[in-house]
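Next, two complexes with chain A in common: one pairs it with chain B, the other with chain C.
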Partner chain A sequence: MSTAPDTLATDPRDRGGPAQSLLSINGLVKHFPVKGSGFFGRGGVVRAVDGVSFDIRKGETLGVVGESGCGKSTTARLLMHLIKPDHGEIIFDGEKVGIDLPLSEYRRQVQMVFQDSYASLNPRLTIEDSITFGPRIHGMAETAARAKAHDLLARVGLDPSRFAGRYPHELSGGQRQRVNIARALALDPRLLILDEAVSALDKSVEAQVLNLLQDLKADFGLTYMFISHDLNVVRFMVDRVMVMYLGTVAELGEGEAVFASPSHPYTAALLASMPKMDPSERTIEAPLTGDPPNPINPPSGCRFHPRCKLAEPVCATIQPSLTASAPGTSQAACLALVPQSGHTLAARLSLPVPDIESMLMPEASA
Partner chain B sequence: MSILQVSTSPVLTPIARSPGYWSGVVRRVSRDPVAMTALFVIVALILMAVFASSIAPADPFKSAMLRRLKPIGTPGFPLGADELGRDMLSRLIYGARLSLLMGLTPVPIAFIIGSALGITAGYVGGLTNTLIMRTIDVFYAFPSVLLAVALSGALGAGLTNALVSITLVFIPPIARVAESVTTQVRSLDYIDAARASGAGAFTIIRVHVLGNVLGPIFVYATGLVSVSMILASGLSFLGLGVRPPEPEWGLMLNTLRTAIYNQPLVAALPGAMIFITSIAFNVLADGLRTAMDVKS
Partner chain C sequence: MSNLVSIEGLTVTFTGRGKPVRAVDHVSLEVEKGSVLVLLGESGSGKSVTLRSLLRLHPEKTSKVSGRIIVDGHDIMALSKTGIGDVRGRTVSMIFQEPMLALDPVYTLGQQITETILRHENVTPEQAHARALELFEKVQIPSPERRLNAYPHEMSGGMRQRAMIALALACRPKVLLADEPTTALDATVQIQILLLLRALQRELGLSIVFVTHDIGVAVEIADKIAVMYAGRIVESGSVADILHTPRHPYTQGLLASRVERAKKGDRLKTIPGSPPDLTALPPGCAFAPRCDKTTAACREQVPSLVTGAYDHAVACIHA
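Up next, the complex of A and B:
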């Protein structure tokens, strides 16, 4: 959709050039212990994020979608180092975070906008004080920080003379989220993680904030990781999209490719669950039934197999890894796409890929 | 443009610093007639204690067996006389000194120590939290009066030791309130946002935690002022705090209890003073709680 803006080339902090990923995640794992029921009850672990690997390229917007509880937000918090990963490494522009790149320096370059616009602002601080907090921590003089806060407020569409001295509760949800964006930008980040940043806003305000985000991205040469459950918004915003299911990556690929021809049955089901604008394309049968399985004790093999229409016995034994079925298509973690995997569809796999969507949704395409 | 350079466009005019949070609290509480009445009572009590020697009509220690237990309104004894014939009015005025001292000293000290412990436990969490809070639970398990008596007994009788033991009794409940409020605030996104901006724990506590937790702790601690006065009078009664013949409301209430059938009104006067002081502090605390809410 959009190419890396020119500002990237001039950013003095850039190390590996445009070809190097801004952020590389390798085998990220986070398990949360849960207390056992009885006094001697055996506590299990919630496998919130279980072996997630992906790259965020410079200047792109990577969308992350999935049902609630799939590990989207945990991944975001792991990337921000708000919680410590159990395993896995985070490499920022070629430097391993915490080893080559000190955490404090990393935190200047990666910032986050949270979903709850009210809870993410200190109710006792004025808008201006909330924005200047970060720069002041990193040693900026007060007058310079204040000037910067006013500049950023103007950039996010809030008149500094009217809003700088206000408290969060005096603002609307959309205005607060603009403040949160300004606060995140105050440290001059290169990567902005937007964790459901527009989900709590009503539709008209959401559209304004999305447009603002697009403008800011071009102006500041930002890279976005855009987490959302709203597939329409993701389609509008992203260059590439990552579909998560139960702490693992189900599919990863170019946004248009994924939306036009999903490779993973879960992605296909997710897309089929989007409300259609055309009544004749109305989905009759629910594309996905049941809740996601308990992440404390996830299904063996492919985690999606208990709900998958393509599931076969082999799916319960082998956990698939991300595979591209053909050059140019997205990568999906599905045995049906892996040749010689033992899945009947994989055996007669021929190029181009089977049209999974029509196999799953005979009613929808009828 | 690059945001590395701070823009100094002419549009930017230096904005006057917005009025601070606390000036807003003062403004709101000053508009609350009930809280202002309570504040007036407290100021009056403090002035009474400070200028006791010039206000009191008689010597609070001068006893006369012939004037024992005079009723209210006796000429020369506007509020009657106690069981040793001492002027009640003068004793009540002088009593404000020790009673307010006993009521007001332990609370701020316990507030500082208890808040520090509770906020540390709540913010750091994990093992630190377990260590601090379980230790505090041990103290919390004792009834407060029993604990105060035990501590006073161990430290020895005397005013200072009584104050120390009351302070120690108040630390666990204040720490508990501080811990629970801090744990709540700690889970909010703005703390995460502050951590994500690279701020250290100390800075985050100073800028983001204190302002949001001190209010509720402060209100709780204000309510302890009256408890402190009652505890102190209990200690005095057991001979562990103020000793007779010093005028102190709790002690006076205890020594006059034998006269409750002869002169019930006179005997109830020190209790009325404790009651008025407690109510005044509680009402003021309530007004402050309302005024501290930014949304009001």
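Up next, the complex of A and C:
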């Protein structure tokens, strides 16, 4: 993992020191009721986020990946307090959000950039007004806020003299996303949550914005939570990665380790589903069959077991928790990695880490 | 091999509001029987407009289309209204990015498929139903008999996409047009649909014209790739040639900026600027303002597509 930039050491807002996680999430739960099912019977609930715990370290980029419905965007919205969690606590730099740290103060330090660059800007405000809106709400004088907006526009690569007075519809998608990034930075946040922030951009523009994000992270001493369905972009951007499946964390670890040798069978299948970029090595067999299941009635035990090629009867009864199978490897929630779990593969655990990918696709490797 | 689709000098100009937009500019291409051509490009490159022209889907009032399109012997532009109706679904059919918008929400999938079959063929409703069931099995929909009675909203995204493929194949077309059919899907489902399309293409001897912005997807499905930029084809060739020896600076830039090829923390090589405004294209090569090889000659004349060895064609005076 990358070391925290030097700016952190002198950051007056830093309370707990570099060893203290910037954000600690404990047992986060969010269920949404499903309306209108049944006449007398109660409707079901969507278990969008179901017991998620993780840390974001100071100065790192934490990637979050998973299929649609895995809870990655709900997690982001919970972190932003855009929706209220049912259970769980959010601790920002040692202070409990909403108790020790007032919400307004927390929101100033955590900002978010969304996928749809157009929908997230007010169409009736100029770019400059959009960027100065937050600082002025938080009490900055108008002239200072405008100077700041111009500075930020320049920092994200938009000439303020040309762009400050424009409206969102006068910009291209890439330019609008730069504006959204500038606006997110206007309150000097420490954590930026990027929810599919580059997914809607053309590939040639995506590369420009990724470079910009890397520059800004170094310049402003930022910490990123980078949510994306594009595993290639995540591999390139992140220090650590969290793989989510149906509202739970399937695997969490150093990006390089997870991408080189995934511990969880789901991570392995997800990686194997990516297009190969080599016409002579095209995918022969789909690593997973069927669509991601519905989070309304998630499977019992390990939620991945109905689609997992390593599944055994025990997987339907016990829900695995995150464990590291060996020091230095990532943490994965899989019974095959827990000694004495009752899974036959777990019996061989003193041996080297099993080659999950070859077990996943016995036909393909045969 | 014979060409099932041949397009010559296709130009499409939209004249709806404001300045006319030339979305496709003198595009010529050919698709061999039983092969997959991918049109690769960013938004506004004209890839979808080219695709839609093959079925004459552009509104006549607000678009001007010139050039020649021959599909399996039919002159698409010269056909009468009933004539084009016979071609649609029968000879050429299409699948879209968003099946929820392409399927009719108030009819079951079975009804939609049998309707199509009955429109084109002289069969009984029972025979049409049997064919629909067979199609659902072919696109690997589990419990097909039950799913034929389902409405589109009752199915997941991947299943809807399979159902739309079944609908498109209902009258055994020779050409399948695919407009970003996997873009809205999760990676795990996307690869399933790509493998399905590849299997169907082999089994039925289909020709496919597949539009995408994603090089990774193109590599998984294409035999040939045509790269489009600002309404023109700038490079075309076999997948391997495009991927390993790209000759147009735009294709080179696109491949160089891929994150797959970068190490974590590297600076990505980028193409400066953004895709051009189609209402105000520069007089010469449309890529010239973003290109690092630009000379005065580039700004004077639109470079023509020159075919070299192995049918690898490129429209750049410096290539």
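Everything below uses one rule, namely that the second predicted complex is superposed on the first by the 352 of 366 C-alpha atoms of A that agree within 3 Å, B and C clash if a C-alpha of one lies under 4 Å from a C-alpha of the other, contacts with A are read in each partner's own complex, and residues count from 1 in each chain.
In this text, a residue touches a chain if its C-beta (ideal position, glycine included) is under 8 Å from a C-beta of that chain, and two chains touch if they have at least 3 such contacts.
Small disclaimer: the values here were computed from a predicted structure and weren't measured.
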Side-by-side fit of chain B and chain C on chain A, or clash: fit
C-alpha centroid angle, chain C to chain B via chain A, nearest 10°: 70
Chain B versus chain C as contact partner of A:80, first or second or both or neither: first
Touched partner set for A:273, first chain B, second chain C, both or neither: second
Touching partner for A:150 - first (chain B), second (chain C), both, neither: first
Chain B versus chain C as contact partner of A:111, first or second or both or neither: first
Which superposed partner A:289 touches (first chain B, second chain C, both, neither): second
First (chain B), second (chain C), both or neither touched by A:96: neither
Minimum distance between Cα atoms of chain B and chain C in the superposition (Å): 10
Common ground on chain A, meaning residues reached by chain C in one complex and by chain B in the other: none
Touching residues on chain A, where the partner in the complex is chain C: 2, 67-68, 172-175, 202-208, 210-211, 214, 229, 231-233, 235-238, 255-256, 269-270, 273-280, 282-283, 285-292
Residue ranges of chain C touching chain A (in the complex, touch as defined): 42-43, 156-159, 186-192, 194-195, 213-217, 219-220, 222, 239-240, 243, 253-254, 257-260, 262, 264-272, 274-275
Chain B-touching residues of chain A, taken from the complex the two chains share: 7, 10-12, 77, 80-82, 103-104, 107-108, 110-112, 114-116, 119-126, 128, 130, 133-134, 137-138, 144, 146-148, 150-151, 154, 160-161, 164-167, 169, 180, 183-185, 187-188, 219-220
Chain A-facing residues of chain B, complex: 1-4, 6-9, 11-13, 15-18, 21, 188-190, 192-199, 203, 207-208, 211-212, 294-295
